[in-house]
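Presented sequentially are two complexes of chain A, the first with chain B as partner and the second with chain C.
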Partner chain A sequence: MTDLAKRFPFLQRRPDLRGAVVPAGLVLLWWLATALQWVDTKIVASPPAVLDAFWQAAVGGELWHNLGASLQRNLTGFVVGGLIGLAFGTLLGLSRLAERLVGPTFHAAKQIALFAWIPLLSAWFGFGEPAKVAFIALAVFYPVALNSFEGIRATRVELYEVARVLGLSRTQRLFKLVLPSAAPAIFTGLHLGLIYAWLATIGAEYFFSAGPGIGNTMIDGREHFEMDQVLYGLVVVGAVGLLLNRLAAWIETRTLAWRVRPH
Partner chain B sequence: MSTTRAAAVPRSLPHWRWHWQSPGLARPLNWLSVKAGALLLPAALLLLWHTAVTREWVSAQILPPPELVLQTFLDLARSGDLWFELSISLQRVLIGSLLGGLVGLALGLLMGLSRQVEAYLWPLFQAIAQVPVLGWIPLLMMLVGIDEGLKYLVIAKAVLVPMTINTFAGIRNIPASYLEVAQVYRFNLVQRLHRVILPAALPSIFTGVRFALTKGWIALVTVELLASSEGIGYLMVDGRQMFQLDLVIVSMLVIGLVGLLLDKGLALIETRLQRWQRQAF
Partner chain C sequence: MSKTDFLTLKGVDKRFAVKDGELSVLENISLNIRQGEFISIVGGSGCGKSTLLRLLVGLEEASAGHLLLDGEPIRGTDPERGIVFQDHRLYPWLSVEDNVLLALANSPLSPAERLDTVHRHLELVGLKNFTRAYPAQLSGGMSQRVAIARGLVNRPKILLLDEPFGALDALTRAQLQEELARIWLAEGITTVLVTHDVDEAVLLGDRVVVMEPRPGRIKRIVEIDPPHPRRREDYRLAELRNDILQDFSQHQASPLLHPQHEQRAFRSYAMAW
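Up next, the complex of A and B:
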């Protein structure tokens, strides 16, 4: 037991059970309401029905099929939008001229709510996979571009002068000084981008054509009045969002560990 | 916000610099060049857009000419349709934000004031906040239908989260010494709230309001795109369905403009309200 507790420190901490009281009460109320027929069980699914629907989807493989499709879409959009955003932000950060010319337009375009792009994107890219990926990429582009721009702008001029004195070439300066010093900000942007990408994935699946995807699972569930399907979709969406967030934070600490390493 | 932050960095990379000989003329000319530079790209894009349509590089259906977009905007503004749809949308944001804002404020206050309440409610709040607004929409549609109630609830959820977090953090970040002084004066709860806690937490709460309204506006656009027969988001869906992209582009611009005005307007009120804080310098 002590061995186990040593290996997994979270076991030593006793969880605060007070936080579970209200959710447990709500689930109990929900369960009672459906079991005692206070509500129409044709509309409101009972907790066992939701668990069952989840179980069926997991065993039958639909869940993994849909989740896989969503994640693949999410990742493609993230890579496309992240790369374009990074390149754009770097250019804007390095060149005052580029910032003066493009910056104001960029900041103005940022004001348009992300989802307001959907009708226009659907007219240009259709309703299929390209439109979905383009929308996710757009969602990732803004935070990545903005944060890499600000990170690069914050490069300390003293360091840059040292690099010039040492005779580093332009490319060397970019890769040995500017990008590493902007890395924390760039990672913040990528982290935000990952959160936005997941949101955009669900949104893209709602608005564009039907197909495999966890957002489609929820929309289908609503259309066919199957609340169990909607509810397990909701939990999966939340859980994946949480996992992506944790993953990004983990990669961030790992990759940027050199920042805190003692000399 | 981002521009001011970037500008606040005092020294940055020496790159493209423009040195004018006359120091007296340097500043206005520099200012002029910055403004002109900012307009250069939009002007070039507009010209490209215009040429692309008139030379028929792209069909006018895929990309309506800029003149048509302007004309559509003027028509909509003159006939009053635009103001009608916009007033419906703004009304929805107002009611939804009031609902979510008041609940969020109460929740933040309660959790901020009592560790006991925090222990009971914080995990549930986090779980609800974790699932984005978009995820809640299908469930809410099943529970309350697609009428006004849905819009209010979706906006309220979007507003609730930043309001609660900012109120909560604002109260928790009050320096302990303030509360100790209140204790020395033997303030009761009402006095403590009125004289110490609320004034000290106000800046954070107001940041919450500003952030929340922006979120509420975005949520409104989303929900109107999904299920509505009125409002600025509907105008866009309607334009898309009839393949009138000029209507879509006008709606996009209006949505962006209203979002910007909301944010800037609240920022202005924020500085006004908090002027007393700046008296020291």
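Up next, the complex of A and C:
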């Protein structure tokens, strides 16, 4: 990397651009491969064709319609799964009894691959929107519940003794000690939940009935053998995932400012 | 006139359940402490001096005997008994100000009065310019000053100090010892200091309680007669220190089992797809 930076001085000035070298190279390769007919453009659409399909969809509005539908179910699933996961993890972390009763079942259930739930979910929720949201919520539930549980269990005994000495009530202990102490772990869970929610959103659009959604855009593209549509869908899915990840990281650093160590 | 039996311990025993049977940590501890007195408790590892302080603050319960503060039996923790631990135990997610404010969470004072009280105590420990800092931004000595402010802010009847300067470097320790002496003189609060540093015990205490280990017992109580404020280089203090050090040259204290709490690290979980 340092060699590369030396050879290209602009990379030295903008170290954030170094990460863009490989993707840019891949796009260039892709372009060359299609332009020089190394591959069949019916199977791999060329970058200009993909850009054009993207542009048409953006101007025509169906991109925003589909992306909006996906983001909405992503968010609904994330909020539902996140809230239930947080409540469940907190209960399990606070109550030894709850952990003894429900813990083993929970730890066993998390071993079940998420996709194995699909038959059961479709039996309960059908194939429409509720099933998709339930699938996303389930994907979010596990990491949030597990990390909140572990975070709460990791509350330092020494700090708990301080709460006792200061005469804090149960509610005060929860909000002044337990939850802030578990906050980094809870954020890790929510962060993972956000990533899983987006993966599950695309998955849900594949497995349940068709409807508006960015995943369905890609399914349609495949069915009509329009690879430009499949590929722009792929790029949009990746870009949205990246943005959600950045957003989560940004919120995390802002909220957990006390963790910074200056000097 | 101040009460001579403000804080009273009568025949206090403490035993911990261990794998096979019981471990006697404290045996027959009896002590009367005057109101406003500064008591130093000194002893090697395993003499139960920290356990004694945990009994006084109410984090542990005595197996036998009585502990009375101002005529009332000590039961559980109470804001009328403040403590400073060896590790500062500040909440890392709260600013300096909020850490001290936490001690007033159930105080009858109004929010404005609370803040005012907190600021006065931070000024007392010389940290009024650091109210918005987080513990991670403070040095060990500064953190311990905040812990002292937190211990004092409730105006407790007694202040308990569990090796409060044990983890600090020698220069900071000396400086904080002098500040503690100044604060104690100004506030007149009854103070019990547990330490393994004989110099510290003698410099600060009106009396020094010398303890011996296995099981923890009081060996003797030494009156430290030079009046406060004291000078570290006082000849009489050196004499008393040498006298007390004699007690420790005979038996070598070795560490005894001590409740250590594990700190578990977070793990993040991947999941099955």
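By definition in this document, the second predicted complex is superposed on the first by the 217 of 263 C-alpha atoms of A that agree within 3 Å, B and C clash if a C-alpha of one lies under 4 Å from a C-alpha of the other, contacts with A are read in each partner's own complex, and residues count from 1 in each chain.
The definition used in the following text is that a residue touches a chain if its C-beta (ideal position, glycine included) is under 8 Å from a C-beta of that chain, and two chains touch if they have at least 3 such contacts.
Nothing here was measured: the structure is a model prediction, and the numbers come from that model.
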TODO: Considering only the touch criterion stated at the top, classify A:Gln172 as touching first (chain B), second (chain C), both, or neither.
DONE: second
- [ ] Could you let me know whether more residues of chain A are touched by chain B or by chain C?
- [x] B
Open item on the list: Taking the superposition on A as described, I'd like to know which of chain B and chain C A:Glu129 touches: first, second, both or neither.
Closed with: neither
TODO: Considering only touches as defined above, state whether A:Phe149 meets chain B (first), chain C (second), both or neither.
DONE: first
Open item on the list: For A:Asp52, using the defined touch cut-off, is the partner it touches chain B, chain C, both, or neither? Pick first, second, both or neither.
Closed with: neither
Open item on the list: Under the stated touch criterion, which partner chain does A:Leu192 make contact with: chain B (first), chain C (second), both, or neither?
Closed with: second
Task: First (chain B), second (chain C), both or neither touched by A:Glu252 - done: neither
- [ ] Determine, under the contact definition given at the top, whether A:Glu62 touches first (chain B), second (chain C), both, or neither.
- [x] neither
Open item on the list: Just to be sure I read the superposition right, which of the two partners does A:Ile202 touch: chain B = first, chain C = second, or both, or neither?
Closed with: first
Open item on the list: Quick one: is A:Ile112 in contact with chain B, with chain C, with both, or with neither? Answer first, second, both or neither.
Closed with: both
TODO: Find the residues of chain A that appear in the contact set with chain B and again in the contact set with chain C.
DONE: 111-115, 146, 150, 153-154, 156-157
Task: Residue ranges of chain A touching chain C (in the complex, touch as defined) - done: 110-115, 142-143, 146-147, 150-151, 153-154, 156-159, 161-162, 164-169, 172, 176-177, 180-181, 183-185, 188-189, 192, 196, 256-262
Open item on the list: Quick check on the complex: what are the chain C residues that touch chain A?
Closed with: 57-59, 77-79, 81-83, 85, 87, 89, 91-94, 102-103, 105-106, 134-137, 150, 261, 263-269, 271-273
Task: Of chain A, residues touching chain B in the complex - done: 16, 18-23, 26, 43, 94-97, 100-105, 107-109, 111-120, 122-124, 146, 149-150, 152-157, 160, 178, 198-199, 202-203, 206-207, 218-219, 221-222, 225, 227, 230-231, 233-234, 237-238, 241-242
Task: Touching residues (chain side chain B, partner chain A) in the complex - done: 2-3, 5-6, 9, 11-17, 33-34, 37-42, 45, 62, 116, 119-124, 127, 130-132, 134-139, 141-142, 217-218, 221-222, 225-226, 233, 236-237, 239-240, 243, 245, 248-249, 251-253, 255-257, 259-260
